[in-house]
Amino acid sequence: MKVIQVGIVGGTGYTGVELLRLLANHPQAEVKVITSRAEDGVRVDTLYPSLRGFYDLSFTVPNVDTLATCDLVFFATPHGVAQAMMPALIERGVRVVDLSADFRIRDQQVWEQWYGQEHGCPELIEKAVYGLPEVNREQIKSAQLVACPGCYPTATQLGFIPLLEQGLVDAGDLIASAASGVSGAGRQGKIDNLMSEVSDSFKAYACGGHRHLPEIEQGLSDILPSQDESVQVTFVPHLLPMIRGIHATLYANLKAPVADIQALFEERYANEPFVDVLPAGSHPQTRTVKSSNICRISVFEPQQRGKVVVLSVIDNLTKGASGQAIQNMNIMFGFEETLGLNQVAILP
Amino acid sequence: MKVIQVGIVGGTGYTGVELLRLLANHPQAEVKVITSRAEDGVRVDTLYPSLRGFYDLSFTVPNVDTLATCDLVFFATPHGVAQAMMPALIERGVRVVDLSADFRIRDQQVWEQWYGQEHGCPELIEKAVYGLPEVNREQIKSAQLVACPGCYPTATQLGFIPLLEQGLVDAGDLIASAASGVSGAGRQGKIDNLMSEVSDSFKAYACGGHRHLPEIEQGLSDILPSQDESVQVTFVPHLLPMIRGIHATLYANLKAPVADIQALFEERYANEPFVDVLPAGSHPQTRTVKSSNICRISVFEPQQRGKVVVLSVIDNLTKGASGQAIQNMNIMFGFEETLGLNQVAILP
Amino acid sequence: MKVIQVGIVGGTGYTGVELLRLLANHPQAEVKVITSRAEDGVRVDTLYPSLRGFYDLSFTVPNVDTLATCDLVFFATPHGVAQAMMPALIERGVRVVDLSADFRIRDQQVWEQWYGQEHGCPELIEKAVYGLPEVNREQIKSAQLVACPGCYPTATQLGFIPLLEQGLVDAGDLIASAASGVSGAGRQGKIDNLMSEVSDSFKAYACGGHRHLPEIEQGLSDILPSQDESVQVTFVPHLLPMIRGIHATLYANLKAPVADIQALFEERYANEPFVDVLPAGSHPQTRTVKSSNICRISVFEPQQRGKVVVLSVIDNLTKGASGQAIQNMNIMFGFEETLGLNQVAILP
Amino acid sequence: MKVIQVGIVGGTGYTGVELLRLLANHPQAEVKVITSRAEDGVRVDTLYPSLRGFYDLSFTVPNVDTLATCDLVFFATPHGVAQAMMPALIERGVRVVDLSADFRIRDQQVWEQWYGQEHGCPELIEKAVYGLPEVNREQIKSAQLVACPGCYPTATQLGFIPLLEQGLVDAGDLIASAASGVSGAGRQGKIDNLMSEVSDSFKAYACGGHRHLPEIEQGLSDILPSQDESVQVTFVPHLLPMIRGIHATLYANLKAPVADIQALFEERYANEPFVDVLPAGSHPQTRTVKSSNICRISVFEPQQRGKVVVLSVIDNLTKGASGQAIQNMNIMFGFEETLGLNQVAILP
């Protein structure tokens, strides 16, 4: 099988370096071009010495002609950037996995309201496939444009799916109390993300409304067995004093007693290579998925009171971003889905 | 006003050293005796060099006669210990603040079920006043035995009180998604609490049932305006990769729209020296209360959907244990309630 | 004794908020004015919620007339700022404690070489007293301008003083292998200081030359018993994945065997309120001085091979900056030297 | 090439789980047996959920007959354990890589003095090859028993080798000021290693003498060009508030000026797959080697004063233990030396 050529737009951020880490040992993909306006001409291993010995590659200014020579382009950019370059790449037949939020929301107005700007190419929104393989594997295979899910939405949806697909819980009263490591805030020089500000502390943020909320609600609505119900999620993100990891604690009300919720989860994910349902009574720890593409899940019904609690953990940079992007790439190009993604989590 | 003599039983743990830190500069209290079987004869500043220069005191084996010469005895012991010595001290007229769980639960059977042992002196349970000053200030003044609240229960109750006292939310569907620093796990040589195990990770624990649940439900039941309702809390504790701090994220359903929830909270706590309601839209950070006795609270109604989210932070060792114990002492002895508790949180 | 009025120039950084924390409970000093161009009009407790309830004060644009109404002005600014305002304040008779590097180096050329700019008021350099009380207490009493030592220089000098004052070690071959918490890097939005960059890692920096080197060498030269020797220090700073604390590991070669180095250190600091020599064989931990103004020191001669190792720890924001500044203020105004500085370190 | 069968004695500690992580994806080695008395019968992925999906293996009580069916046995045990089983395994022709200290020191008396016990099989000491491939690659190829170096000795020796091999520095006055993450302290339930005790703090330890000192001095003596000189190292280890990583800051005095120290280092390690000399002026960060088998090194001569400073970083569990053990295995069995060891460090 031929090795594909890959481009990365916006390679200086944390999802960029995570793509480079994972692709360094991927047997079927080779990074041909990586872009950054600010670091034009700088070697990637100067910016990230962890890559010394793995890449002989420098950042270049983004250029459509160069990117169009790639089989696949990843966008690892802030929202708003992929929109601008997307039409030219799509027109030339390049396949794209967009790690940003630009094409995740199908309702253009909703997108514009939450992201506070006009959408740059609304005509491509409907072309995009939402890249959660556990739901959309078939569509991803042939997609030209995959919108890779956000980190919170990945952990949250994977936790709720078994319950909502079967219509077992009240879709109108879901709670996602989730927490993320600080790498989720990106690599920008902001006082709020200094170590002196965020280590040794914990806080909720964006309690009044976070941009991942409409993405979560859209994704969960899609899997409801009946569209008579509407999904309503109370989503409160928190910032953890650690670098990597997302932990979602999910609460839902059972419509009726369920005999064996544990079995429900185990069966739903029995064939999923990257979702691991833990034995009953276990609690997933973010460290058990650090640097791996796995989502680990536990489910409880405390005191058998009809309230289900699901615990779901991922590495926000891997299954929550770059690992899932490569999982999508593998599916799109007919590779083994786990190719290059078999890392064991670093523990301790 | 005379300086009172204070004894501490079980002084080697983290609530013990926190009592010593706070009492070192308390103008009306002096630590006369501190006990530890394991460290008998060892100077407190050998075990805790941070105390060098502040105390000329060594641990001694607990002895009722010695403790009975104190005006007040703090129990900073694991559950089960205070019960054994309590009758002798109470009989001799010593006043006691018990930081352990021994006298927090009024229903003996509930206590025995959750703590897995028989209660050692059930006859004193009803004598104990639950030491949450924001609810029970008057009874504390004259109490001989104060049961100091747990850390999670303190943060959770202070967050729910304004809503429940007024009967504004459904008491039967409350959620407390809370997280604690690792000092809450105590100072014992367990693999589970090693830095290599718990730093750089996040997890829920005891999701099936935590001992603070009955304490929280009892406390919240007590403040309901009508006993027609019954309180049901889904309580999920999490372990934070940091030493000090508790953050409770609380969810409740409004029975009917409330015009100004922010004002409700501000008015409830206007005269409380240790509860600070933040301006609307703020999110409390645990670091803003680190080493201080303050509880900071914010309240939100996201997207005005009828779900209230309360964020409540304390330092688990201060307002969640030793600081609140001293606050109780101040009330019991007629001192200014804030005496010795005016520390500014360490930030950064 | 009257309460003095205090001004703080540059109050938004970490030394600024540490001054506010310590002065909040100082019985003889009151903060009258605090300046910041960027935060003009913002309340200090909006920027630092830890101060809520302690100050009713807002930042203002720096103004000489306002500052001149203070008894004492602290400069908590980056280097270069104090120089510009200093002549006007000095002329009006205001006393000043400068926490920046502007007046620490007596040799103007050396200062200009290391700080890469012209000195703004060289005429005041000789007026400045170097504010290390353990060396210059007498001169500080009457000083109008005190240059408060840097954090690394404080820890390093206090560790070497007993050896160098007595001429016991080779002054030409001293090594200071030191490490600082990240708060030492200040509160500026730089990528290099993001939590994702500096937590969970350790590195040396500025190995080729750090600005604290000439300050250390000047300070150590001043205390040599004979000026025949010249001081040469190899100084390698490191960045610790934690917020507060400096640890200096100091190496020196004994000129001749010394009978009792432990006693030498204990005697030198017997009357110093803020230097604590630990019992022989102990190792100081930075956490035992966190948020306190104390320097703890241990001394070893491993394998009796003639190499002395001194371990010296301080809190970089307290004894290494704001605490020492207040210690200087106390000395200058005839207050008890420990006034407002009797905090017990936060542990755990 | 055939896949070899591997046994691990003492698999519950951190070097054990690190061996399992690295071997999970090693194409030429398969873990056949892993022992633990305490966890007999427990699946490895129950103890370490990060391994779920990679191993279908349980711990068993150590048994010589079972271990003797392996091609290679790793000892990942505390000192003293390997000695007891070694003769039986050696006799049966099994090859062994011992990660413990049992066979690192050639002088039995020195070993017994520093480890405080009699050596259990002194007759095998001389059979052991010290497994630092950068020095002993040839002997390792045919060795039956390899004594894998300690973590501090690895970082320290790799930093000093280029200078000492050429006789450029005074071997009698070397300083190793080194710091380790807490995983180096192992996985045992000790109060001293609790997160509440060691996070958010920094300290030196064992300043009077650490067991790695004789190993370092022996290793450095071996590479001296002339045995007229004797090696003397002042070694001060420190404990870092993070899990993985060793940073050694090394100081030595040049005997005479050296034209290009940078080139000296680059040439020495030009062909070493796991030693990376950074560009002049760079400072290595431990995070750039986290979870990888690489040692990164920088060298400075500050202010050209004749004092060389070498900075050397490794991951204590990888190049400092389990990664180096597998590197030795690869050499012993004629595999590509980097097989299974091409992980990119996790960053951020």
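So that you can tell them apart, the chains are marked A, B, C and D in the order they are listed, and the count of residues begins at 1 in each.
Basically, a contact is a pair of C-beta atoms (placed from the backbone, for glycine too) under 8 Å apart; a residue touches a chain by one contact, two chains touch by 3 or more.
Given the structure is predicted, the values throughout are model-derived calculations rather than measurements.
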{"item": "Contact-graph separation of chain B and chain D, given in steps at minimum", "value": "1"}
{"item": "Selected pair, greater C-beta contact count between A-B and B-C", "value": "A-B"}
{"item": "Angle of the C-alpha superposing rotation, chain A to chain D, to the nearest 5 degrees", "value": "180"}
{"item": "Farthest chain (mean CA position) relative to chain C", "value": "A"}
{"item": "Geometric centre distance via CA averages, chain C-chain B, whole Å", "value": "37"}
{"item": "Distance from the mean Cα position of chain B to that of chain A, given in whole angstrom", "value": "39"}
{"item": "Where chain D touches two or more other chains, by residue", "value": "14, 183, 187, 196-197, 199-200, 241-243, 284-285, 287, 290, 348"}
{"item": "Chain D to chain A touching residues, read off their complex", "value": "14, 17, 20-21, 24-25, 48-54, 183, 187, 200, 243-244, 276, 278, 282, 284-285, 287-292, 294, 296, 317, 342-348"}
{"item": "Complex contact set, residues of chain A against chain C", "value": "14, 182-183, 185, 187-191, 193-200, 241-243"}
{"item": "Partner chain A, residues of chain B touching it in the complex", "value": "173, 175, 177, 179, 196-197, 199-205, 207-209, 232, 234-236, 238, 240-243, 245, 247, 249, 251, 253, 281, 283-287, 290, 298, 300, 302-303, 305, 307, 309, 311, 313, 348"}
